[in-house]
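Chain naming follows the written order as A, B, C and D, and within any one chain the residues start at number 1.
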């Protein structure tokens, strides 16, 4: 068997969700995670607190497969947080790294759900171990928990602030003790986090707004970069305890990660994608008969491209909605079907046509090559690939799962060479200025574009880059 | 838990697939069933034959979940047939009714995979029981098998012909003994069946062409209504052993059942859907700002509508791709989220807009009502529903799972009343002539439209209509 | 993994149980099968009938693992029969052969649970297939069902009689239509079947009396060889419709198969085993320090041996009660531990002792050899093996799973050679006259001892002996 | 469903096993845990270390169900420790409390498998939490791990010594870093631990000797109370780092917990049980016809009783070997069958007899009452219960799962009243002096008998007695 998820994309590592003060807190978290499933499909967890007891349920797989009715009934209480995770470890997952991380401390239970990655995580871990701390996972989150527990400050929010002041990197964090739920976004604001409300006194924290829609919560506002919101019996309190930094929201959220029906920091993901598609059409026009999206990530950009160019939009590739997570690898003779399990060319829309294929990115190039071949086999006369991101030439250290630099096609190939590699008639990427113009109408100041530019907003040590923590393996 | 599949559609009951003379016959059937999964998600089975031994694997659920690597290794041999099934029994499934049906007879093993429904099935069953036959399932297919075994003819094809001459109804059948694979389509041609080829001497039978594409088989031609193809050591032989009847291909295959990248009896499903959408726009124009499909079944028709009307096409509803088959029903307070688990309004594409919603059918009206409400809650100023089929007022007896007449909204409500029921600003259905014009450019002679017109091409006895065979229940 | 059940014994193939007229019929059958689990651990099934609907539940494994609470709730009705099965197919099981066999016929549902084996099963099957019957399993039981359905007689009992008159072999059968439960034992009475009662009008059929004890049913009497009891609204009616034959109860039931707390045809299994042990002591005395049973099957005979000989009884071998059905085979170096997983020598009871080991049989000799070696390694000075059955030199054709003749150690080795093979200091078997004297105090007229004597009470054709029906394989 | 394990016994909480320097270390641990399964059936875990990586596998249920072949292949390396556990939390189990506990620390991975209970565990935990430690389980073991990690000593053994000097209570501990395996037994020696060897340089640690037998390891000696053995590249080194205390081996190991084929601190469990039975016969003679054990725990004592009294030993109660861990509770009418699922009276051995029933203990009295009733219903004329332990009137705080004082029948009932409660004709317990005389031939100085006498060798604070740590619940 081999995973079908290896679809040659960058992968988001997590989504977080929290509910304060609802009689069905854990059920709402369940629904929220359902809506955030695209941010992580390998594991999920929910923890609720009821009368000081923390009830935990965590497992591998999709939300709908992990949490069964009987399990949900255990998760009592009016406070709950949850987490979905994409594993960085490739196919297999280390069960020790399940989130939320829940521990017992001097002040009772604490639970943490973390989206992001620390650049000084390994360094801090080594320091803590030398102090006598023991680690039961390889997650950065456990570093934050230890630092919180070791703080001499009075309250949980104060201790968490002291802990976070010692770490550097990306985090959108939801944490909970028996009385409070805290949401906090790192000073650069790499990963999104927003705030919602049901009625007067039930508060919601979510990685994306689409999850608020599902549970019919009112969108209140985004949590700001560097902001900590503390939600408890006194309502919501907002703090900005960290040194101010330039905003560095991950621009890839708009290109691929976020769901199109979400709005992040005031920008509609769907509208942004359509604008990117339109900009792509303006920057890289080509004479053609049809604009065909690579489903589903390329659809909005392809619509924008088609609208701008006036070339008809066609569903030239059909996605099989029943593709599971594993697939039996057939023997040699028929194993080359590869990508066709998931995507099938629609010959009627392609035969004899000059086709503009719109996709969101080219990572290793393996999938693009197969798609071009498939489209051509279905009768396309020309295949012009248009990509709604600049070439991805650098790995991410802020919480996104990317191949190593060497594996990134753009790190060692010119656009020309990439075009030859994927056997397209032409290949064009949107420019970085064009991208920013399309996303927020202006200059790139507020985004992280390290994966395109190699310009990393937060430096990282060589130690952290290569620091593999694989001492404890549990399947 | 409740099934999420109850999405208020008619449901196809089956898909069949067969491979003759390939070293990886069962693996190809596995891939074929993968591509036909949309025709039935409740159960699947594969049988192969190797040196007279019939190896069988059948189970409940999706193809990817049922057949594991170890299981597939058992399915040796160069001949194999398979089946995917939608259960007619509502949520639960009677495991006795698994297909392919495989039996031992005087001439060795026989396997049958059947898409369709006999209108004299119960009658024939009672006759056979009176003769002393015993039944281990409630499937019509078992009737065909008994009749085949009882025939005094010399060869398996001859015996199968004699059996089929005694039954009336819809069938696209794939059958196999230890030497031959047979494909046969009933004289009316209700259900599709096509023929493909890999290389010179490997033949494929499939419900739809999209499955041929996946395995890179060459499409040869459709099996004709009333045709039996016998594939064996002598290659393919074609017979027309039945009395000729008017063609009655199920028109709903073009509206909803078939995958858009399939071509049935010469007509591209995708193109037909776009033409239906365009016809719908011509028949029922309305001033509006956006055309929004109900994903995924309404997408092609909405594209046709948008193109014809010049009104922009927008993804105003986003489908969650990670929806599983079951879902934990939350308590009273939050249970009304219903359809939102699967579909989420994209507020940016809807707010303040006059929206034309395009869907393929209104069956009970429950889902339509929820979608209209959701779209309006997302800020739509007007909601105009346009349906790419005529009102479905009559149940199907030819192999499609439909509600009873009483449950069909159109059987007791005028279009006006239906519009009120689903709370839309307007509701319009394509006309039957408009539908046929769009599908095949001409008169309706060659299709079955009983579900719209009540005009049943093959009469059925009251006995069969109500004949519930629920004597043997096994979960 | 390898099965641990291969403990070098003959294996019973089935147990049957039936309940007529109890509000918890299926629950009682569940309990009954629990008590009969020793007769078959590979598969089990229960069927109940409620208002003409037959509810079926069947699965692989142990009773407690197959039937879960939710499943049992489905099994409504006041009539129920059940079956436990030992697979003849070695490790793996063909799921097509699940019992009870439940079919739909001209007169409604019929269910059959069968313990035994027909000697003309293959022959009858071929005849039926030539008539046009189809088979969905390889079980003899399906032959009986076809013959019953084909009978022109008026009532179910009459039809079943007509069917059974056409077959030869061993059967203790429990069958059920929607009104009646029938128990029938073949004219030779190979396999046991008894009758119990709860209150005035609830009747029980069971392979052994120990299952009556569990459900606190009163033991009424054994069903006689050749007797058919029909239990229905008119109470119990008894018939002797078959030609009378000499009684041939399987004597191995007393040696090994039956549970010691059962009584069969008036003889307590426990008492019989003790008497056999005593007779063994008289026939084959030896000077020794301790009598040690091979647990658990040798315990009662060892007690009888110890009591008769005056040599102390000691638990020199301890059985691990947590042995599961599968076991991970370690690598070469440590794989020879074999039997020790299940049995461990108790060194304190063996060291320096002259040991008499009492076991019930030597089949292939593999396990005996390992046990002798283990006992010696624990310090035993001498090891004298005493077996409570005569040498088993012939396979069984009446429903017991035995190795082929060639695999039976006694078929090709003298007792002397067998002793050398298992490396014991001496080896003795009880004589056939001694066995009968011990079991029923008299001559062997009423038992089948074919496995010792090769004297088969019912002849079988070569065709049946070798007739492998493996056309349909389903895992 | 309800657990069948509630058989009204005290329950051992754990078994530990370790292997140093074997190419199949984890496979040997698997076999060792198999042999120790009687010490804990609710969960098990194995950890191996290979080139600094700790490979962990832990799960709920029986050893044979948890560790599958594929899982075992992951557990590479020449060092491995394992653990079986009986949950104290009643039926359900908190998955957070899985053992071995494996953590990452300043000096790499550490693994701990612990049998026992600390009396100052909660106190130490609170102290550690105040220092900033976080806890992920409710196990005492985690306290030991934190103390070890916080130690400033140089080596792992030194740090572990410093940690253990701070705790009080019962422990037989197996611990491992990447180079060493350590076995240590608390200064009182409450729980057993022994040392074995395979060849010249492979060392084994095991809770009981029966596990050495299974893997054909040579028994070297018991680990002494207060001894720490450190096994590494330099071979085995022995230390006695703790203040010397009086030996307090749990006497219940001889009565019930240990397997009869084990030898603990020089005493054969089997021989001890037989001697206890004989002493019981001398102390409490009664005229009777048969001595019947309650299987399996009463068998050896009953043999001793029978031998001493000259009254015949009979298997008057038969145990069903296929009893699983859960059982479907039938409805009201038939639910009183209770204990009969597991034990069945053998009427032939009881009818008309005066019966001496020998069991190991009476805890709540519920099972004893059912057994007496069952034996009487099978026809016994008199039932005299003889118990091979003194009345258990006090709970255990050293690692055995006992009911609260109030639930212990003996805490509030005289022997006379207990006899009435269980409806026996007479009831007698062995005396404490008689017990010690039988076990080690002398005075009770070297055993813990707190559960009989209330004389606790190590004092405990009220805090620890009641200290429930249930903050983190995970199923």
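Following the convention adopted for this analysis, contacts are C-beta pairs under 8 Å (C-beta built on N, C-alpha and C of every residue); 3 or more make two chains touch, one makes a residue touch a chain.
Remember, it's a predicted structure, so these values are computed and weren't measured experimentally.
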item	value
Chain A to chain C, fewest steps along touching chains	2
From chain A, the most remote chain by mean C-alpha position	C
Inter-chain centre distance, chain A versus chain D - centres from mean C-alpha coordinates, in Å	48
Centroid spacing, where centroids are CA-atom means, of chain C and chain D in whole angstrom	36
Category of the chain touch graph - line, ring, star, complete, other	ring
Which chain pairs touch, all of them	A-B, A-D, B-C, C-D
Footprint of chain D on chain C - complex, ascending	1, 23-24, 27-28, 30-31, 34-35, 37-38, 41, 62-65, 67-69, 72, 210, 213-216, 259-261, 263, 268, 270-271, 296, 299-300, 303, 307, 312-315, 318, 320-331, 333-334, 337, 340-341, 344-349, 378
Chain D-facing residues of chain A, complex	52-58, 71, 74, 96, 102-106, 108-110, 126, 129-130, 132-136, 138, 145-146, 149-151, 469-475
